[in-house]
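Shared chain: chain A. Partners: chain B in the first complex, chain C in the second.
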Partner chain A sequence: MSNMVKLTINETAVEAPAGTLLIDAAKLAGIEIPAFCYYEGMSLQAACRMCLVEIEKAPKLMAACVVPVAEGMIVRTESPAVVKARKTTLEFLLTNHPLDCPVCDKGGECELQDMVFKYGAGESRFTEVKQHVPEKQWSPVVFYDGPRCILCYRCVRVCNEGMGVGALGIVNRGVAAEIAPSHGDHLECDECGSCIDICPVGALTSGAYRYKTRPWEMEHVGTICTHCSNGCKTTLGVRNNEIVRGNNRDRSGVNGEFLCVKGRYAFDFNHHPERLQTPLLRVNGKLEEVSWSRALQAVVEKFKAGGKAGVVGSTRIANEEAYLLQKFARTVLKTNNIDHHRSGDVVTLLDSLSGKTATLGTADDCYNAKAVLIVGADLSQQQPFLANQIRANHRHHKAGIYVATPGAVREDKIAKASARTADGNWLPAVESMAEKLKGEKELLVLFGDSVKGEGVRKLVAFGESLGIPVKYICLVDYANSRGAMDMGLLPDLGPGYHAVEGAPGLTLPQMMAATDLDLLWVVGANPLARHTLASSKAFVVVQDLFLTETAQRADVVLPAASAYEKNGTVTNVCGQVQRLKRGVETVGAKTDLNIIGLIARGMGVNLGKVDADAVFAEIQKTVRGYNVPLPVIVTGGAAQTMPVNGRVPSTVLPELIQSSRDTLFTTGTLTRYSKILNEVMEAPGGLYR
Partner chain B sequence: MTFSPELEARFADLLTHYPPGRQRGALVPMLMYAQDEVGAVTPELMAELAKRLDVSVLQVDEVVGYYSMLHKKPQGKTHVQICTNVACMLRGGAELYDHACKKLGIGHKQTQASGVFSLEEVECIGACSWAPAIQLNYTFHHEVTTDKLDQLLEGLQ
Partner chain C sequence: MKLYNPPSPLETKVISKRFGVENSWRLDTYLATGGFEAFKKTMEMSPDQIIDEVKASSLRGRGGAGFPTGLKWSFVPKNVEGPTYIVVNGDESEPGTCKDRLLIEHDPYQMIEGILIAARAVGASKGWVYIRGEYRYLIDHLDSVLKEAYQRGYLGKNIAGTGFDFDLYSQTGAGAYECGEESALLESLEGKRGVPRIRPPFPAVSGAFQRPTVLNNVETFSSVPEIIKNGGKWYADLGTPKNGGTRMVCLAGHVNKPGVYEVPLGMNMMYFINEIGGGMWKGKKMKATIPGGSSCPILRADECDIPMDYDSMAKAGTMLGSGGMMVMDEDTDMVKIALRIMRFYKHESCGWCIPCREGTTWLQKMLARIVDGNGAMRDVDMVGDLAKSMLGRTFCPLGDAAAMPTISIVEKFRPEFEAYVARNPFANSELVQVG
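And then the complex of A and B:
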């Protein structure tokens, strides 16, 4: 390539594209230039002086984070002068830095510690007393310890540029300089904890994690966040069978290191004192704790007795569990009365895109598409990772952002055009942008639940009329909302969106309204929070983590494992399959897969081998689009499902599709039991924009 | 928050000095002129300028904290700034500052109860050639001795 620049770093010939920063060119060549303030993807700061290198013919040491490569440049990154400079820089950084590493949360994974270890600043020439200011608490999740801060501005930039919130700044100067929160003494922000995550030292610490453990005493388990549909990888820090931290410092998932407040902190529902640990059976009108065998026996008897059954599946159980549940319902209970809480019209989208290729958007597209149109969704509240991708796309690629939403959204600030929609009628707003959109090279459309049924077809027709390549993402609410549909938790469609055998079954509202229902089996859902159950004679079996409204009406409640306690797979909003990995063991609960298997065994029916891997193998073989490469998933990657390319024979009314309109601080039942989410003052959301 | 017509006119003129979309650049002079009129950079003043320049209050706070000429608390009628940086220190700046502390009965960044004088030990004010230098409000005084300082301060009582 002609625009490659040749240079020499540490006597090694290196080639890098013109414009590459020296620090990145060195990284490409496997040479580490240390830095605190430099952060990939953020604006340049050149504040910390750690990346100083020797460049031949330059009169003094240069900061590699702001020097672009040049032809013939000869660079030394570890020469005696450089090493001395770094050692001195560290000596300065340590003038007021307390050496409280033995109790600091960051100890063991601190970048300052690592640097001092490497370059050594074992002696200090400063004899003055260290300046000390007391630690401050800015929110339930963010604490700031000023003396530890090295003023690298990473937190300020990640909040401003990364999150688009701008809740942090630096006030005062010199030795008195410190990070300050947006509202004087406290923060009003996303509470995402990115500032804590990105902090190279222990200046910003997390309310959930501080003083709980030493980093090396945790096991780190990479699994998928069980809250919204974005499918972020969260690496759980587990100690003594308790989750104490969630982050993704290894950038292993689709989300890189991004996590919102839910992914980072809302694992605490898992250890909530009200978690169900024992099966409950209704005896003389009251739910009593019973043994698993007794509870299962009661279920088996009723299931064997037959009658009119209804099955409600979940938007957060694993694909394997959803698949097995519908298989059980259809082959054992012999009913198509199976449904779940639907939050986006994926079905109509797939049908309208029948015959077209490369029309389903991915999380990568959110970052790479030249233009993005958001219809009827407050992304930064409801789809935080996709919103982050879009902000990064705008920041790095100057993508054109178009917004058509009922209210003001954060994306307005970066939008080329924003229009407000009224009464769910989004079409005029979208059409008003048609001319501008036609000028773009390609477009990614993300749409919420106000676009459904015929609306989806109109939106696709509008996309066609632009004459540019258009991709679509149908937004859904929950961790496995997409998987629930793909696995066929629908009355009219089986796995892979095939029409069911026989007549379509009852939808969720129809089941609730049926006065003659004999049996209702609810797995990981809480329909009675929104509906009333018309049939008083129905025998209700509920599998859940908590005694929800639905569980309170149940005749048998079976305590279920959370996503953090099971293996399996989930499918995110973009149709990417990722693996759940068990982080903690259950105490009394069992996974839904296990429970379904036990019920089947009790009834003497054979559903095949009931373990997550075996069921996934069956899904790969039988569910359209799921023949994804297993190694990708097993190694913790995200495998894109093939879009279903063909007509989808749906009979279901799109009116049933209703997003919960969650905010950053809510997602259904689980977040009600998250102490942290309920403590932050922004909850339940919408406090600020 | 409202300002005098003169200050408003000055603001209006100031904003024309910056290219479109970069009006926030006027923040520092606006803060300075407004401080002269209001007496201090109050929270209301910061909120008002933040609104006018479409920046966050925190961003205004960052600027206010950075510049030593901007004060969140009211200063004395005469704000005495004495440089003790190297050039001034070598020529008696430190002694001058100690003298001022004793004479005025206040220390660094303090204001007399009467509100007449406030004192601040400052870094270089760019008058090294005539060290030691001090600043009384916006006026510079060069090669100041303790006697000269006494005369200056007494003249301002």
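And then the complex of A and C:
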């Protein structure tokens, strides 16, 4: 490349693109320049003075985080002057920092500890009285211990620049300066906990995690969050078979280090006292606890008896479970009466884009697209990670953001143009931006559930009329909403969106309305929360974590494992296939895959080897787009973004597509059982819509 | 407006010549004494000619750093789209300095004319006078002057019939020393927390509200009209080479006639103290002098026989600074001086960067402990060592301002520190008494 700059760092020749900051150039060359306040992707502070280095001809030590590389620059990062400066900076930092590491949550993974270990002095010369202020609680999940704070301003920046919320600022000056909420003594924000996560020391601690364990006593399990459809990788900290923390400090997965309030805290439903641990069987009209074998026997008997069956799948179970469920329904129960709660019209989108390549967007596209159009969705509430990608795109790449939504959304603040839509009629709002959009180089369109059926075709036609490359993301609700469709939990379409053999089956509302239904099998869903079951004779089998409205009507309730208790894969809103990894062992519950296998065995049916890897191997062969090597899936790199070839023979009525309109603090059943989420919901976070 | 001290016949009155004139702050007085002649003259000059004239005067920034003013103005990009601004630094907060308030009190139009000339030179349309929060009365005074200037057509549209437009506003600080640093001043002016900015970009390129901005001290702007009127060379010849003109020196401390005096650059410091300042009080001997505000390294009495200009001061290891000269007699307790200075900087550190925030606090606590009689021998070395650890490593010059006087006081008056420590029976013990 012609715009490469040659410089020397520690007698090593280094090349870096012009404009690279010295601290990054050193990193490229494998040389660490320590820093607290410098944080990739955020505005520069030059406040901590840890990155001071010697640059030849400069009159004094320079902060490597604000100096761009220059041709012929000669830099020394380990000269005696630099080493001494670092040592004294750390010594200064420790003067008022309480040395309470043995009881500090951060102990063991504290950047200040690590720095002092590597660069600090062995002896403390400070003998004065330390500055002290009492600890403060700002929200159910955020605590601030001022004396531990080193004022790197990372939290202020991540909240303002990263989240677009700006709930934190600085008060007082000098040694009394401290971080403070913009609303006096409490936070009014997304409660995402990014400030806690990004804090290099133990100044900001989590109400969910504090004083629970030591970091080295946890097992760290990287899996996928089970709440919304964004598919954020979350690293669970597990101690004694209990999840005690969620974060993603290793920045693996599609989401980097981003997590929202649900990803970071709402794992606690997993250990809720109302979790079902024992199968339930209706005896004399009442649900009684029974053994697994007795409950399964009751299910097998009814399944063998046959009759008109209906199967409702889940938007949260793994791909393998959804695949096996529809296979069981279609080959054993011999019915196409299978459906799930649909929240986005992926089916019509795939059909409209039939034969075109590179038209389905990914989470990376949200960060890299030159322009983004949001139609009918409150991303910051429902798709927090995609919203974060778009904010970062605007911040780093100055992407043009266009918004057409019914109400005000956070993205309005960064939008080139925003228009309000009325009565679900989004087309005029979108068309009003046509001229501006034509001036962009490329476009990524994200649309919500108000765009469905013919609407999707109109939107794609609009996209084509712009004369620029356009990609689309059809927004859906839950962790595996997309996978449920890919796996064929649909009455008219099988795995990979192929037409089913025979006539299409009943849709979910049709099953509920059918008075002659003999059997209803609900796996991880709660249809009776919205519908009433018309058939009084139906034998209802429910697999779930909790005694939901549907489970209360059931004849057999089988306790199911959560996503954190199983292996498998899930597919996020953008079609990116990622791997679930078991973090905790179940006590009485079994995975849905296991339950389906046991029922099959009871019926004497051979569904092949029933384990996640074996079923996934079958999915790879049969479902288009899933034939990617396992290592790619493990790292979240796979993307089912190829539209099907030829038309999707859908008969589905678009009216059935309805988003749950979740907020940042809700995702259906699971979050009702999250203690922390219910606590923080009381905080008026709507302010930052 | 009263004068705080009688003028001395040995002064060279260039910018303070209206001090003491009846109603000197009124427009009519200013016009009757040659006011706005320079501004009208610049209407016949090109912007480059104005800047060249200021360069020729070798006027250097009077705020403390002494950066050549003409050069600074020449950094402002020409023919840019959008506005260019003027900001006047009246956040006079350096301890020992009290000249800008006199210039605004007694001769505000001289400053306004200087601003207008600068605006002509760089094509600015709008400006602010940023006055330190503690000068509450001065803001009211300046506001009444600005009101009169607008009413009489010397600000606003078509100034004095020249066709030139310029708006000038006053802006109050909130009592932070840090806001005297130019980039922190700009943050504060914009309504934000007064912390310094990363530079580059410098204000000349991106200053107030991200626009090119000329930012100078009150005294600097006040010096401009006489330079234009009498020519750069005339002004330069008042001082020594590269140190043009006169400057206001605020003489304080143990002298017979403390006050603010205007003297040409390069005047001998001892001559100034003895002849203009009336010599040491009560017949005492001089021990030390801080020549230019509390942030300057201190000079022992035997080091004071030097010319007062930027370069000679630098040669002596100190600075002309903001002109706040503090003279101390033989009875002065230098340890307490060090503590008082550090207490100020600890109080004023903005908290942005670690070495300044923590260093000033630590030093203040340690010096207080020494003064309280709880110091140890190793503390004396540590005071100097910690101050050196701050020097040149902080985000803005506030850390240097705290470190420089401390380092020099410990170096030059070490026996006094040792005498304090010696009163502590545990001074050489490994066990340090915490006060």
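Methods note: the second predicted complex is superposed on the first by the 664 of 689 C-alpha atoms of A that agree within 3 Å, B and C clash if a C-alpha of one lies under 4 Å from a C-alpha of the other, contacts with A are read in each partner's own complex, and residues count from 1 in each chain.
By definition in this document, a contact is a pair of C-beta atoms (placed from the backbone, for glycine too) under 8 Å apart; a residue touches a chain by one contact, two chains touch by 3 or more.
No experiment lies behind these values; they were computed from the predicted model shown.
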item	value
Fit-or-clash call for chain B and chain C when the two complexes are aligned on chain A	clash
Chain B versus chain C as contact partner of A:S182, first or second or both or neither	first
First, second, both or neither for A:L151, with chain B first and chain C second	second
Touched partner set for A:N241, first chain B, second chain C, both or neither	neither
Touched chain A residues, chain B compared with chain C	C
Partner chain(s) touched by A:R173 [first = chain B, second = chain C, both, neither]	both
Partner chain in contact with A:Q552 - chain B first, chain C second, else both or neither	neither
Partner chain(s) touched by A:L93 [first = chain B, second = chain C, both, neither]	second
Clashing chain C stretch [against chain B; choices 45-53, 117-125 or 189-197]	189-197
On chain A, positions contacted by chain B and by chain C	169-170, 172-173, 177
Footprint of chain C on chain A - complex, ascending	44-50, 52, 59-61, 63, 66, 84-85, 88-89, 91-93, 95-96, 125-129, 131, 150-151, 169-170, 172-177
Touch list for chain C against partner chain A, complex	176, 178, 193, 198, 346-355, 357-362, 365-366, 369, 382, 386, 389, 392-395, 432, 434
Parts of chain B lying in touch with chain A, wherever the complex brings them together	56-59, 61-62, 64-66, 68
Of all residues in chain A, those that touch chain B in their complex	166-173, 177, 180-182
